[in-house]
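Think of it as A, B, C and D in the order they're written, each chain with its own count starting at 1.
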Amino acid sequence: MKYPAVHYHNYLGLDALLSAQHPKSAEYGKPAHDEMLFITVHQTYELWFKQIIFELDSVLATFKKDSIPERELGVTSARLERIASILKMIINQIDVLETMTPMDFLDFRDMLYPASGFQSFQWRLIETKLGLRMGDRLAYNQAPFYKSLTEEQQKEMMNVLNSESLFDSVEKWLERTPFLQGENFNFWDSYKQAVNKMFQADIDVVKKNTRLTEEEKARDIAGLEATLKSFDALFSEDVYNQLRKEGQYRLSYKALHAAILIPLYRHQPILQTPFRIIRALLDIDETMTTWRYRHAMMALRMLGQKIGTGGSSGHKYLSEATTKHKIFGDFFNLTTFFIPSSQVPPLPESIAKRMNFSY
Amino acid sequence: MKYPAVHYHNYLGLDALLSAQHPKSAEYGKPAHDEMLFITVHQTYELWFKQIIFELDSVLATFKKDSIPERELGVTSARLERIASILKMIINQIDVLETMTPMDFLDFRDMLYPASGFQSFQWRLIETKLGLRMGDRLAYNQAPFYKSLTEEQQKEMMNVLNSESLFDSVEKWLERTPFLQGENFNFWDSYKQAVNKMFQADIDVVKKNTRLTEEEKARDIAGLEATLKSFDALFSEDVYNQLRKEGQYRLSYKALHAAILIPLYRHQPILQTPFRIIRALLDIDETMTTWRYRHAMMALRMLGQKIGTGGSSGHKYLSEATTKHKIFGDFFNLTTFFIPSSQVPPLPESIAKRMNFSY
Amino acid sequence: MKYPAVHYHNYLGLDALLSAQHPKSAEYGKPAHDEMLFITVHQTYELWFKQIIFELDSVLATFKKDSIPERELGVTSARLERIASILKMIINQIDVLETMTPMDFLDFRDMLYPASGFQSFQWRLIETKLGLRMGDRLAYNQAPFYKSLTEEQQKEMMNVLNSESLFDSVEKWLERTPFLQGENFNFWDSYKQAVNKMFQADIDVVKKNTRLTEEEKARDIAGLEATLKSFDALFSEDVYNQLRKEGQYRLSYKALHAAILIPLYRHQPILQTPFRIIRALLDIDETMTTWRYRHAMMALRMLGQKIGTGGSSGHKYLSEATTKHKIFGDFFNLTTFFIPSSQVPPLPESIAKRMNFSY
Amino acid sequence: MKYPAVHYHNYLGLDALLSAQHPKSAEYGKPAHDEMLFITVHQTYELWFKQIIFELDSVLATFKKDSIPERELGVTSARLERIASILKMIINQIDVLETMTPMDFLDFRDMLYPASGFQSFQWRLIETKLGLRMGDRLAYNQAPFYKSLTEEQQKEMMNVLNSESLFDSVEKWLERTPFLQGENFNFWDSYKQAVNKMFQADIDVVKKNTRLTEEEKARDIAGLEATLKSFDALFSEDVYNQLRKEGQYRLSYKALHAAILIPLYRHQPILQTPFRIIRALLDIDETMTTWRYRHAMMALRMLGQKIGTGGSSGHKYLSEATTKHKIFGDFFNLTTFFIPSSQVPPLPESIAKRMNFSY
């Protein structure tokens, strides 16, 4: 009533959309039936990539704020979860693509040379917006990837590379976490004490264990002490910064503290949404990794050891990229340093209160 | 080498594809974030519908032949299975769409009026190509659906309605099934005998059962005789044709015979692929039905009892269409008349041999 | 170290678990290969049902508290989401079960008579714990369902029927929602005004629309007034209670208010988790409904119009139960009464502040 | 009627099944809610593993025959496809398991030490029955895996290791493929000629290409010749056997021929089912690989760089096992040697006829 009438067909731009399929095999007079499936799978991927970028941009806009209103945090968390849910869904498209046999692919494969999924500008944009830096990419794929872009795309990519990524914004947001230090509470000190206490108790258990020989005791205690030693990465800023320099960690030392605090106290009302956000980032990273992996398997199946349509050995590249291109790897790695909830230092009343509503 | 170099971006027509998203809410200066998701979901649906139509057309081309070469049957079966696999995959997109809340939908819903998924020309085309006739559609939706098409679309729809559907071709193909009657074998007679024998044996078991009272015996026997009576629909051409006229069955009497023979002797080499084809048709029908059902649920969730964006009560319509729009319902219903493999009449050696390879 | 060594095999009770498959067909000397699949599918279902009940019990324990600490709400929401995620996953088991053909089923079907999925005590328990009352069940299935239970199960079922269901607890929790009425804010009055204002504005637009004839204007205005009238169900406690008595609504009038308030102001920090809980309940209800639907379709496919293994017409029953057995239907229906966010009355500063953290 | 009445509860052995969950955390008086989920996920896995073994055993029974009747081949293919479909379905259980956070896991993790999924006897049995040999397993995991079995399990495993695996039987079946050599047709010779002709034509195209410099021509021709050279692995029995000895291939030279013939002529009626079987084997291998990969990711997420519950670095092990434990890798690799259908040598009439039915 208030708005002009809309028709489904026009609203969705179906004329443009449904006339954008141009199989090369038909063009060359050698129609290969399965090329249409190949096109459809990749076109729907690209539509979903655009959607992911759209969600990501809105999340970035929120995260770039110097102070994020709590009421926007819920929306942000939902949008990150939506991205994860899109990624999970489109992974299943690989099952559909695999209804095409390698022999069917062979009938039009040469006609596409050297086009390749590696040239997907949007996928690279997603990786970059999330926080993958040029130097994080597998060495031999940096240049070809960049070179394959149009001038306009190169400019856009440069802009993105030069602006704050989601990783960067999340890091700053973590650094701003209140509660890391209060008047009568220093999280990091308490945590360090709890860790030491826990290991000391474990060592005592070993010492008092009458079923163990002295030799066994020595071995077990050495093991515990070695594990405790690994916490140095956490508790010594110098050690941590050294490891960070070597590429083992990426988060700043301050952000790291929050990345430990939030999971440990995740049930506190004020930390529930931040915790969901961290989980969603993990989900996205893990799902992108699975995506690369499944594509590597599919490439192997379709092409054998042959080089990919894009001239690179698709399978080998993808299976290496699988782990190397992880962005929020720190969130995976920090799990090592969590302690059981029974050992987590209790919060002082005053802090707990401030983490809660007071309506 | 042999072909001009191709770039991923151009090959996929990404310029056209990625510039076909035009949210109304942005146009009206009231950007509603989730409208983009709404567009993406529907656009990818339409791309997949085009793919399904493409597969369906190739299947129809084969099935319209007066005699289908065995070597094409395998391909046809694989393409029908692909359609089922696409349908299963896109049902999961509903989970992604449901990450949009009803309130978010409300922010742009009025702007789309009266656009509606009911106006999807391609979906209707799929239904029609499969064999849904104008008269099979829910009464109150026939006209609006047809009226909403452009003139060109109406012409195309008319053409499809007037040409052989997959149901029609499959029916003819079933009617041509060899083995229904050989020199020394009449499948239908053997089958009838087997059914009678089976029921007679069941009745005998009851009669001899000393644990039953005469009354109980009478009741059980009456039950068995009633079930046996239901086979009249099968064994009397007149009864069957009457039921067919009333809309309870759609397949011709002759095709019906093959639709029983194939599942019963599905392990015979020559019937393995025909059986797969019947299963794929069942899968497609069942999945389209689930699709309608899940959309009905989603519409209810998004709109409550409100009328759909297209002006019809989406939920009510869809949940009725769910069962009414089934096309290969006979294949579901005939299950009633199958008998356990131990009762299936054995094939004469000569027939069994002809159903096998003889290299 | 601290605990005795554990072995995977014993920990999981695999001896008991993997020796609990007893195909009848083997027992009777007529081994039917696919009976094992039939058993496995149903056994894994029952294990998952136990898991769902386990989660549900923990959720119920929290919800039965007179005042639920905010910090438990996050956990509760996550557990409800887990239940939805389990249900979604096990629906896919139907695809696996459907790799069994109706003919294969026929080879052992009679041996199971009258066992049937309808006798799943745990599934009924889930429905009942969620809030399905005896009277909500399809009439002709109430007695058989109850009669099929062992004495002990009947006692347990009675206990559950007589104690607070999740629906009951959620209703009470909604009734306790603060913010429905403050010193200077009455949500219900503001909402009523906003609705009236919105409709009045719509009517004005029609009146001023020079492109409409007087007749068209009258028709459009009548339409708007009719819709506005439907809000009486909301704004008149008497009308609502009458509809509630007739079974159209189930929530109390007070709980209803909260069920509208929470979605409208879902971005407020204190309402984010309650909103997730409502969504999770919707998801569970919708997924259980889809579950019943897909089982109905499968029953139809496996049995045709034959009566189910349990003696009832499985297909017909299930497809009716599909909608009738919905528990949180009110949450679906209320969607009708939501208004676009631009029309939602803004919260007074003082209220908004109390809905936020103040660390 | 004919069989004693059966009750769902007893039929499924639910008393045994539903009393087999014994959380350690409850036993030790420190109940950790999520341990139940952990148990359920693994118990349902084991039930599905038993089902897979059941299907596999029936497939093995058929494949061990010296001559497999065509009518059993269809069933076999369907059962292999069922295994693939089970594997795909249970991979999704990981999504459900990941609703448990690493912190929740930590609360009972130590109590399970050193139990671990690596101790799943049934999973190892599946791998072994498919054809994974002791020496194929990652070195440092051979002994611990075997040692962790009970004496009875070790005996069973030894039996399986010493009997024909599915790989072995499939290899023999491939070797028996008719049509590899007929009176007037030698597949291998024809194929070799076709390959040579194709490459020669490609080289000619380069030579005549006036747009290329002599240098470019030389480079392109060298490339083509190198690729052609790689076919030596195929066409020289000595080269192949050498590579086979080095572990690059596993199939015998004769089986290899059939593994090329079947995909190339897959549309011939008699090869349709064999082709489906090869695809199903690929699907199973690929899905098991994805399964290992997703478990590796999950282990990383749950444990960080910590050692797994079983004392080995779960993540690292699994991600290596991912590719190393592939069994039908040859089917993946041979893809390299397929040629486009337009180049495939046509079959002599007499052969084509024998590949078809002649009813």
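Operating definition for what follows: a residue touches a chain if its C-beta (ideal position, glycine included) is under 8 Å from a C-beta of that chain, and two chains touch if they have at least 3 such contacts.
Everything quoted here is computed from the prediction, not taken from an experiment.
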{"item": "More contacts between chains, C-D or B-C", "value": "C-D"}
{"item": "Remotest chain, chain D as reference, centres from CA atoms", "value": "C"}
{"item": "Separation of chain B from chain D, taking each centre as the mean of its C-alpha atoms, in whole Å", "value": "32"}
{"item": "Whole-Å gap separating chain C and chain D, where each centre is the average of the chain's CA atoms", "value": "40"}
{"item": "Inter-chain centre distance, chain B versus chain C - centres from mean C-alpha coordinates, in Å", "value": "29"}
{"item": "Two or more partner chains touched - positions in chain A", "value": "1-2, 95, 110, 266"}
{"item": "Overall pattern in which the protein chains touch one another (line/ring/star/complete/other)", "value": "complete"}
{"item": "Chain D-facing residues of chain A, complex", "value": "30, 88, 95, 98, 101-103, 106-107, 110, 263-264, 266, 279, 282-283, 286, 289-290, 293-294, 297, 300-306, 319, 323, 332-342"}
{"item": "Residues of chain D defined as touching chain C within the complex", "value": "1-3, 5-9, 11-14, 16-22, 24, 28, 33, 36-37, 39-40, 42-44, 46-48, 50-51, 54, 58, 78, 81-82, 85-86, 89, 92-93, 95-96, 99, 110-122, 148, 150"}
{"item": "Of chain C, residues touching chain A in the complex", "value": "1-2, 70-75, 178-179, 202, 205-206, 220, 266-270, 272-273, 354-359"}
